[in-house]
Amino acid sequence: MRRYVRPMIPVIILYLTLLLVGLSSESRWQPVAFIMFYIALGQALNMFLGMTGYVDFGYVAFLALGSYGMALAFSSFSSLGLWVILLGFVLAIIMSSLLSLAVGAIALRLRGAYFAIATIGVNEGFRYLVEGVRLWGGSEGIIISSTMKDIFGSDLSNYISTFVADIMVFVIGFIAAFLTVYIINSRIGYALMAVREDEDAARVMGVFATKYKIMAFAMSAIFAGLIGASAWTLKLTYVFPEDVFNITYTVEAIAIVMLGGAGTLTGPIMGGLIYGFLRYYLSTVLPGFQLLVVAPLLVLIVTIFPEGVMGYVKRKVRNTRFEKYII
Amino acid sequence: MPLLELDGVSKRFGGLIAVNDVSLKIEKGESFGIVGPNGSGKTTLFNLISGIYRPDSGRIFFDGQEITELPPYRRAQLGIGRSFQIPRPFKGATVRENVAVGALFGTLSGKIDVDSALEIADHYIEVVGLHEKRNDEAERLTAVEKKLLELARALAMKPKLLLLDEVVAGMNPKDVDRVVDLIKRVKEEEEIAVVAMVEHVIPAVMKFAERIMVMHEGRKMVEGPTLEVLMMDEVAMVYFGESKLPGE
Amino acid sequence: MPFLEQLAGNLIYGAILGAVYGLATMGLSQIFGVLKIVNVGHGAFIMLGAFTAYWMFTLYSINPMLSIPIALVIGLSMGLAVFYTVIRRLIGAPELSSLLATFGIGIFLEELAKFFWGPDHRGYTWNIGSVNLSITLIPYSKLLAFGMSIIIALILYSIFQKTRIGTAIRAVVEDREGAMVCGVNVTRIYALSFAIGIGLTVMSGVLVTLFVPVGINPYMGGEYTLKAFVIAVLGGLSSPWGAFVGGFIFGLLENGSYTILSLFPNVEPFSLTRFVAFSVLLIILLVKPTGLMGGEGE
Amino acid sequence: MKGKILLLVVIAVVLGLAIAGCAEKKPSETPTPTPAKKETPVSTPTPAPTQPQVEKVVVGGTLSLSGKFANEGKLSLWGIQAALKWINDVHGGVNVGGKKVKLEFKYYDDESKKETVQSFYERLVTVDKADVLLAPYSSGLTLAAAPIAEKYGKLYVSHGGASDRIFEQGYEYVVQVLSPASKYQSGALDLIKSIDPSAKRVALIYEDNEFAKSVFRGAKEHAEELGFEVVFDKTYPKNPTDLTPLLSEMKAANPDIVLGGGHFADGQLLVTQMADLKVNAKFISIIVAPALPKFYEALGTRAEGIAGPGQWEIGVKYSPEAAKQAGLEYYGPTQEEFLKYFHEVAGEDVQPDYHAAEAAGAILAIAKAIDTAGTTDSKALRDTFSKLEFMTFFGNFKIDPQTGKQVGHEMVLFQWQGGKKVIIWPPEAATGEPYYPIPTWEEKEQGKLATK
């Protein structure tokens, strides 16, 4: 048990602090939600990137499908009432995991950068398929605000968009963290570690690499889908393909994971915190010029901590009594 | 029934034939040596047996079952363990974790949980004598320690057949003796067939192997009891060039 | 035969576009091939090249053809500067840390461009007439873009094959340790390769404006980054020549498939051309997992 | 090593500040270096809010100063700052409870990205105490921040969300200042109908996105109503590099009139490639791109005769006199005054386009509503908006009381003639005659301009 509990302590502390800060005043909830989006995104991607060492540039497609899943639930099954949200999450899981299995079965045969970039093809191909055959509203996407209002009434809709959706992201992030700890300490974790370190050596030691890679891929994709469903569709109330298939989110997610330290538990959390906070805070101080400061800061941090901030901390606490808490 | 049987196995890369029509039988619990100069196809042969490559022609049987088309992880679970010429430990993981991977995935005998796998790992780490380093990261081990780690990792798979690729290369004579003794001991204790592959004929290995095969340019040149083979003139000609006797 | 005429016309344009895409990708492949760095800031350098052509043309009335060497010099020096300030520190670090660095550099360049030049969409008109092929008209400026792309690619090819530097770079690509043993200064080769990669990219920005002389703005690079990634993989990632071929294929697919797709009712055929192009990429990778010109393994 | 530890400490401190920083309400410690420095509102620390005493009215909003809408964002900011100059310096502020107070504008940069807006709007309401919200640019971002506006019950005035769909969502507090997307190409069709009944064949060629699709769905309906024949109706995806396949097909359809466009870059590309391929038409109207002077700079004489719809243009005849004639009240600066203020904030060489004007129009509408209602209470303001009918330099203002959609504002159609934009439609706003049919590409190459 301690194996699972100890590493969760810093996670719980970070999450609780964020939650308390967010709830302490009306003005702090959305900034916290903004940061939380990046934390959750980093954690979801870390399950795949951090665990297997594979990069998926088309990762945003899973968020996109998750957000479409939720939007489709609203546009096609609005008669379900409150259950429509649950259905939305179920659809998000189904759609993102199906895509991950398809991509996994086809593209995970490719190694390294070939895989990374082939997935861009999947993402872009999917986007232009949606636009090209006018699937799910085509380029005009789906707007669910009015459906939400019809089902829940105006006040509850706003409450869902400005609070419940954010809490969902919190919960998703927390579950992702817990699952990460569980995986790291389980057979799957050992298998993924072996695959990440040396795939051929892992194979000749009996590790069915493809199976574990697809497992990690699908899990990561499901979390991405859930994030898309809540942080995009429920929160922002619309889905436009141009926005949701935007590769920038993948690059941001990779940046967050690398900022914090790939493969560590607290890394994506720290990465998301640093990235989200820098962007939010600098925007309030220097509106219009924040990126001019954020970008060099990112470069600076990575040149000083090439293994990520938590990767560095992890190394520092090795063989100290904190070792068990930072994984 | 032999433990491992190769039946006319060939593998080519582009125009180059790396392994050319090799047939071989290895019995349960046997010690077998494969000798051949660099580029003679030994490593390719190992990769064919462990499943990293599929043969272009020929068939491979293991323990009464054809494994020609099986993926590497299935072969590993059936009982084929191996080491690499240049050790390939999981660098970022500790010695314990490295060995535990073998215990967790290398057998068919049901799922083992992580805790028991770590216990098995501790046992084999003890066996190879790395217990003081068990919590160190693998990349911080010395070259010899990395070879021992690979050995422990393979043993934790409870293999029936252990393929050792240049396991004593680059070691000083003291280490060589220690490792050969170790292999002999675990071989007896665990009834493992060991196939050791060496480039240079090292007396210790020659003493250890009951039979050897000499490979040359992808072909099996001769096979037989160790001493007999080494006495053959043609072996000396091809393998040792002008010189005569192995291992001075 | 309007159908075939249109198809032929589209394919001609596709080929021209493909050559430009190809050149715009070679820098990416060059950097990946030698340093194993995925330059996600690639598009920002294309943008710099486009602005170079624009400013040279509008401020000093310099013919865009003459901007090509200017852009090369700018690119080479920027490449060296970026290498020695940032990239050098990340050699040997986890592979993806360089991705974070190039991401930051890309944003920084875009924001700098916006800071100094504003977010406006600019363009220039360099009208030097066009050739009439009866099925379609092609402006000479586009033919020049086509020709220059091929010439630059050929020059690069001969540099790589015939010169000492080229040999050293190839040696590092094939076997880093081996090259080091043979006395090749690997860091210097890295610096040089990075600089050449950036130089090529900035230069290709000029050629991009020969093909599309408008819409020049700080954020224009994103689309090219995306396509360059895909084209690079199509051609085999670490092979700049593969990239060039990949560019052709991509350009031909994008333009060529339109004529057929436009026959379908109730679709957006032009959006579907991109679907087709990306799908073909995936199919090619499934058949040949290391791209058209990739060797065995990585 | 020390450096790393130091940096870690710094990061920790910064993050600590994050938690404190978000908390602290420090309204005045933000030295905002904007391109136009003097206009940045520097607020004085507000004393405890005693009930009826209002010191100032804050309008809050995000602008897209980075990212794909950075161009519009920059112009919007200047337009807003110009309008504020009039409101505060000339008009003396807005009337709240019988007292004139200053109107302030507080903004953040949303980077044209959807996940930033909610946090900034919340900050605007809670930290910056914004009384009224100016919606972000584009339909997507407008939708994204709407739940926050609705949650806090703040009036949410849209100056850049043109999509008709925003107003079909049942929002209570969303009010539109600009004409909706479906109207963008109506003017061009009306014009052709009135001057050349023989021109029947219309081609539509536009970007495959939400906004352009709204525009051209409206255009198609309108064209069919007017008896035009739509002979070509195709889209191109975002960021095209080569439109040849579409254009050669369109050329074969032999249209009289070409309506097209989407955003800046593709609009410029569309015209360039039509010129390259010599796709001639009697009339060409492109949305968005031609409105900016950069369009003409980029294309030179090729831009001659190209028309485009605008929410506003320099020279439109909305003036106090025009208002009097129409029996409407006029509010805000005259066009000359607006141009003067605009040049003060943006520099002499920058001309405002309709993005600047519509943002200014939105601020003026807010000021007018506050003046009329005498309060900043959202409900009262929303009711006031439902009844208001007035004119500014930007044009008429009247919304549909139910949805908040703009119904009073009229778009104009301008045409590049001899390097200048001339308003050619509607007739009552026109500053010149339409040049029709426009010169062919061949003629333009000879240097022919679209002037008589």
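The chains carry the letters A, B, C and D, assigned in the order they are written, with residues numbered from 1 in each.
One rule holds in what follows: a residue touches a chain if its C-beta (ideal position, glycine included) is under 8 Å from a C-beta of that chain, and two chains touch if they have at least 3 such contacts.
Just so we're clear, the structure is a prediction, and the values are computed from it rather than from any experiment.
Asker: Identify the chains adjacent to both subunit A and subunit C in the sense defined at the top.
Answerer: For subunit A paired with subunit C, the chains in contact with each are D, in label order.
Asker: Measuring centre to centre, with centres taken as mean CA positions, what chain is farthest from subunit B?
Answerer: The chain lying farthest from subunit B is D.
Asker: Between chain pairs A-D and A-B, which one is joined by a greater number of C-beta pairs in contact?
Answerer: Looking at contacts between chains, A-D has the larger number.
Asker: In angstrom, rounded to a whole number, how far apart do the mean CA points of subunit B and subunit D lie?
Answerer: Averaging C-alpha atoms per chain gives centres 73 Å apart.
Asker: Just how far, in Å, is the C-alpha centre of subunit C from the one of subunit B?
Answerer: About 47 Å separates the centre of subunit B from that of subunit C.
Asker: Just how far, in Å, is the C-alpha centre of subunit D from the one of subunit A?
Answerer: Those two chain centres are 34 Å apart.
Asker: Using mean CA coordinates as chain centres, what's the gap between subunit A and subunit B in Å?
Answerer: Those two chain centres are 43 Å apart.
Asker: Could you say which residues in subunit A touch two or more other chains, in rising order?
Answerer: Residues 128, 131, 138-139, 289, 291 of subunit A each touch two or more of the other chains.
Asker: So which bits of subunit D are touching at least two other chains?
Answerer: As it turns out, subunit D has residues touching two or more other chains at 66, 208, 235, 237-238.
Asker: Tell me, which residues of subunit B touch at least two other chains?
Answerer: none
Asker: Which chains are in touch, pair by pair?
Answerer: Every pair of chains in contact is listed here: A-B, A-C, A-D, C-D.
Asker: Any idea which subunit A residues touch subunit D in the complex?
Answerer: 17, 21, 24-34, 37, 128, 131, 138-141, 143, 145-146, 149-150, 154, 157-159, 161-162, 231-232, 235-238, 240, 242-243, 273-274, 277-281, 283-291, 301, 304-305, 309, 312-313
Asker: Using the touch definition from the top, list the residues of subunit A that touch subunit C in their complex.
Answerer: Result: residues 49, 55, 57, 106-107, 109-114, 116-118, 120-122, 124-125, 128-129, 131-134, 138-139, 247-248, 251, 254-255, 257-259, 262, 289, 291-292, 294-299, 302-303, 306-308 of subunit A touch subunit C.
Asker: Residue numbers of subunit D touching subunit A in their complex, please.
Answerer: 3-4, 7-8, 11, 14-15, 17-19, 21-23, 25, 30, 32-34, 63, 65-66, 107-109, 111, 114-116, 118-123, 126-127, 140, 143-144, 146-148, 150-151, 165, 168-172, 208-210, 213-214, 235, 237-238
Asker: Within their complex, state which residues of subunit D touch subunit C.
Answerer: Touch list, subunit D to subunit C: 66-68, 70-71, 73-74, 208, 234-242, 244-246, 248-249, 252, 264-266, 268-269, 272, 276-278, 289, 292, 294, 297-300, 302, 445.
Asker: Show me the residue ranges of subunit C that touch subunit D in the complex, using the header's touch definition.
Answerer: 2, 6, 9-10, 13-14, 17, 58, 111, 114, 118-125, 127, 130, 136-139, 142, 211-215, 217-220, 222-223, 254-255, 258-259, 262, 268-271, 273-274
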